[in-house]
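Chains here go by letter, A, B, C and D, matching the order in which they are written, and residues are numbered from 1 within each.
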Amino acid sequence: MIGQVRDVPLSGDPASRYLPWTVGLLVFLATLAFAAGMFLASAGDTWRQDLSGTLTVQIPVSDKADRLEQVNAVAELLRTTPGVVFVRPIPDAEIAVLLEPWLGKQVLELELPMPDLIDVSVARAADIDIAALSARLAQVAPGTVVDDHAIWLRRLTEFTLIAETISFAVMIVILISAVATVVFTTRTGLAIHSDVVEVLHLIGAQDSYVARQFQNHTLRLASAGAAVGFLLGAGIIWLAHVYGGKLSGGLLPELALGPGQWALLAALPVAAVLLVVLTVGITVKRVLGKMM
Amino acid sequence: MNALANGVGDIVRFENVGMRYRLGAEVLHDVSFSLPAGSFHFLTGPSGAGKSSLMRLMYLAHRPSRGSISMFGRDVSTVPRTELAALRRRIGVVFQDFRLIDHLSALDNVALPLRVAGAKEGQIRNHVAELLKWVGLESQIDDKPTTLSGGEQQRVAIARAVIARPQILLADEPTGNVDDDIAIRLMYLLEELNKIGTTVVVATHNESLIERFKHPCFHVEDGLLSGPGVGVRNDRDPGGDQ
Amino acid sequence: MNALANGVGDIVRFENVGMRYRLGAEVLHDVSFSLPAGSFHFLTGPSGAGKSSLMRLMYLAHRPSRGSISMFGRDVSTVPRTELAALRRRIGVVFQDFRLIDHLSALDNVALPLRVAGAKEGQIRNHVAELLKWVGLESQIDDKPTTLSGGEQQRVAIARAVIARPQILLADEPTGNVDDDIAIRLMYLLEELNKIGTTVVVATHNESLIERFKHPCFHVEDGLLSGPGVGVRNDRDPGGDQ
Amino acid sequence: MIGQVRDVPLSGDPASRYLPWTVGLLVFLATLAFAAGMFLASAGDTWRQDLSGTLTVQIPVSDKADRLEQVNAVAELLRTTPGVVFVRPIPDAEIAVLLEPWLGKQVLELELPMPDLIDVSVARAADIDIAALSARLAQVAPGTVVDDHAIWLRRLTEFTLIAETISFAVMIVILISAVATVVFTTRTGLAIHSDVVEVLHLIGAQDSYVARQFQNHTLRLASAGAAVGFLLGAGIIWLAHVYGGKLSGGLLPELALGPGQWALLAALPVAAVLLVVLTVGITVKRVLGKMM
């Protein structure tokens, strides 16, 4: 019987009209942020794989005399390594350009001793043991380091990591503000209807009876909002998947989420709604607890 | 009725009760009295004397700052929170400011105590409609309180207080907004309830009502209670005229 | 006072006024009457007859569904919105349900009409405190309405209605929550205001008041008004007893 | 005098307690999103400049016969171009690796005719006229195209563009929800205090008197929230500037905003507060307008 007539007139409140929108917006944003985070994580991996097709071998600065010999010896060793497609010692001028980001523009004018770098292309299929290669190269020229195209790799890794972190942080902030919104909406509801709550209380209603009224109401509103927000978010992700790839001309990795990622994403609105209903229950009972 | 009308059967029992709001001064001092089951009392006193405050203690909206209160033979201070709700369901209250729920129709307002107590929906409507007819609101059954006149609201409040046949009925100025004809009609309703066992307390300023319905009268002034059986413990209340 | 007490000087003039709430049935039909400046009238009638509705029209809270209303000689339907506020400041109202502002002290509630009218803050406090003393609330000046008893709230409401010396005072059941002594005292306050020129209308159920203060009496029943000068246009009101 | 005693008891509302937090959170997020957008725009430029230190010259697929000649002629011409530091024809195997992202892994197995690519390093200082160079090269080998390292450039440009768009879109969404929050808070305030508003109205208060009460109150709350939100956001941007550079080891461009960008950023909370106060005024007057 309870619930047929709702004693607390929540549905007319501005707070009530606002709740589905807020929950919807927040779930929408959280969905996008979460998806962006997951997508960036995969994209970072893809790019890293692309880049790992090239290596840079670095031979430390040494005397002019045996420098050329060493470089040639290393290059020779590399050429004989299975999986290596191409080897090219990089000239000093080019190295100077590469060093510019670290050392500034004056690097070209200074007559610095430069390390020798060798550019190596690796067949995609080949699975080169970098550590073993390093060890072998170090025997030929001590101090030689094999770098799997560190510059771009690190630049991209850092970039995607930062973007990932921001995405997840935004998601967390959004979830926190969702809880805050719900606590606030509930407290507003209780404030507007404190008289009704008090009358129900004095008439002999149990706390759970009053709490249920608020919870049922919020459950309905929050579910509607969360569903719409999630569907919109998922729609945008799907659009990005279908059209994003075409528009970027294949340059961006496919904007697709795996089934596991979709499942995680779908758990988001459900978790949000549960959070909402739980919050409401706790808030209502805490307010009621202050009455005799 | 008189089966219960002895010390143990007292429905309300105050012993040296003091009351204050928050940290304010005491508004009631050393109030001791008891109401036997089935009695009918008026409660009078000047404006601001403490009538509503005394009522508030009886309908379990406020705790005394000292002394002890028993309702239905149970010491209120020892009753656990969940059982207080059950006790409150045995008390009917007409609030001085009505406290109707604005978004519910007159019918739903009056039905509230039944719903809260878990009554069957099928039994509610007829029962409530009949009572509303009794208080002269048959044509306003589905109106919201905000669209009712002052006196109409007051009658809805009275109907809500009596609908669940409470064991004690506390009516705070229940006739301040109605004319004398309706006031007398409402008093007859309370008397009928009283005849079938309900203990009634009516706080009022209306002296013609007090004269007409010759029930014993408590008087509050300056936070002190005087009247039949006041200060007398475990004695039979000489005032219960049923 | 009688300088204005002719047809043109009527402070209130209703002509064939009908009133309904939203799309409901008419609650007032064909109401025609006028109140000369300086008159004092009671307004009676059974609960739900339409007394408060009539008041609502006079204090410009509601538009008539037909007919015309003039206040202070101006046809209300043609007054622009911004000037309505100025007209309202010349009307004092005691609402049946008080309508005090809960978070403001008694003093600030009573001071409200002065503040809204832009009075100097320095003059407000003493003036308000004196009036509150007159209605017996000198010790509750700084209390919030929620901490006042029903009768105390009603007296604050009356003080707020009269503080700005309105040209017309409309009091809806102003004594329903106070005892007869205070009721009489409050009526004297209204009479004093009336003596210095305020037109007064008091809706009440309290027959002993009507008998004691022998002012002419309008009666509403079933949405129809009867009483002195009702239906008579441009005549002198025989009821103004000043 | 007006305003000394506030007639509308807004300060106790849950809505009031919530408003500074919401405005603060929203301004905080908007600040970050806006800064991120502006930063990404600059970062994109920086990276584009970095990359423009290298060029790729592309000679269209041709008959085996004169292919080598053509490549050598182009390479020779490039070597004599002022500003060019280094020229290297890229071997087919390496090209295959580069083409992989577009054509898939099978590119290595297929015996496709490949275009010739020449890798060119350009001195940073040099300002090479790409169009003129293209024209001269086309005379030697018709169809030759000079590509300013298109792959990375486009990849980065797209990426930063997308990130930029998302940042600004997020900012817009946040501002919209700020307005929605304020409208809602005001309407809640009016709903809770509709009785007070009605009494003030009936007592003869002008609409502006009532509106001012709400506006003063909201101005105070929103300003506090916006200031805190902006300062937190600015603090994080500053931290990113100071520590971000160090942590990424110079790989990311400096996370710094110019004075113009700071000014734009600082305009954000001010605009938010003005928006809020305006919204409140409009909302209150619209509600009051419904009364006689």
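In the analysis below, a residue touches a chain if its C-beta (ideal position, glycine included) is under 8 Å from a C-beta of that chain, and two chains touch if they have at least 3 such contacts.
All values reported here derive from a predicted model rather than from experimental measurement.
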Chains in simultaneous contact with chain B and chain C: none
Longest centre-to-centre distance from chain B, chain (CA-based): D
CA centroid of chain A to CA centroid of chain D, Å: 17
Chain centre separation in whole Å, for chain C relative to chain A (CA means): 67
Euclidean distance of C-alpha centroids - chain C vs chain D, Å: 63
Contact graph of the chains (line, ring, star, complete, other): ring
Pairwise chain contacts under the document criterion: A-B, A-D, B-C, C-D
Interface residues, chain A side, partner chain D - complex: 13-15, 17-18, 21-22, 25, 29, 36, 50, 53-54, 85-86, 88, 91, 93-94, 97, 100-102, 105, 108, 121-125, 151-152, 154-155, 158-159, 162-163, 166, 170, 173, 177, 180, 184, 187-188, 191-192, 248-252
Contact set on chain C toward chain D in their complex: 59-63, 82, 84-89, 91, 93, 99, 101-104, 108, 111-113, 115-121
Residue ranges of chain B in contact with chain C within the complex: 21, 24, 44, 46-49, 51-52, 96-97, 140, 147-152, 155, 172-173, 176-182, 205, 207-208
Residue numbers on chain A that touch chain B, as the complex places them: 1-2, 4-5, 7, 9, 12, 195-196, 198-207, 209, 292
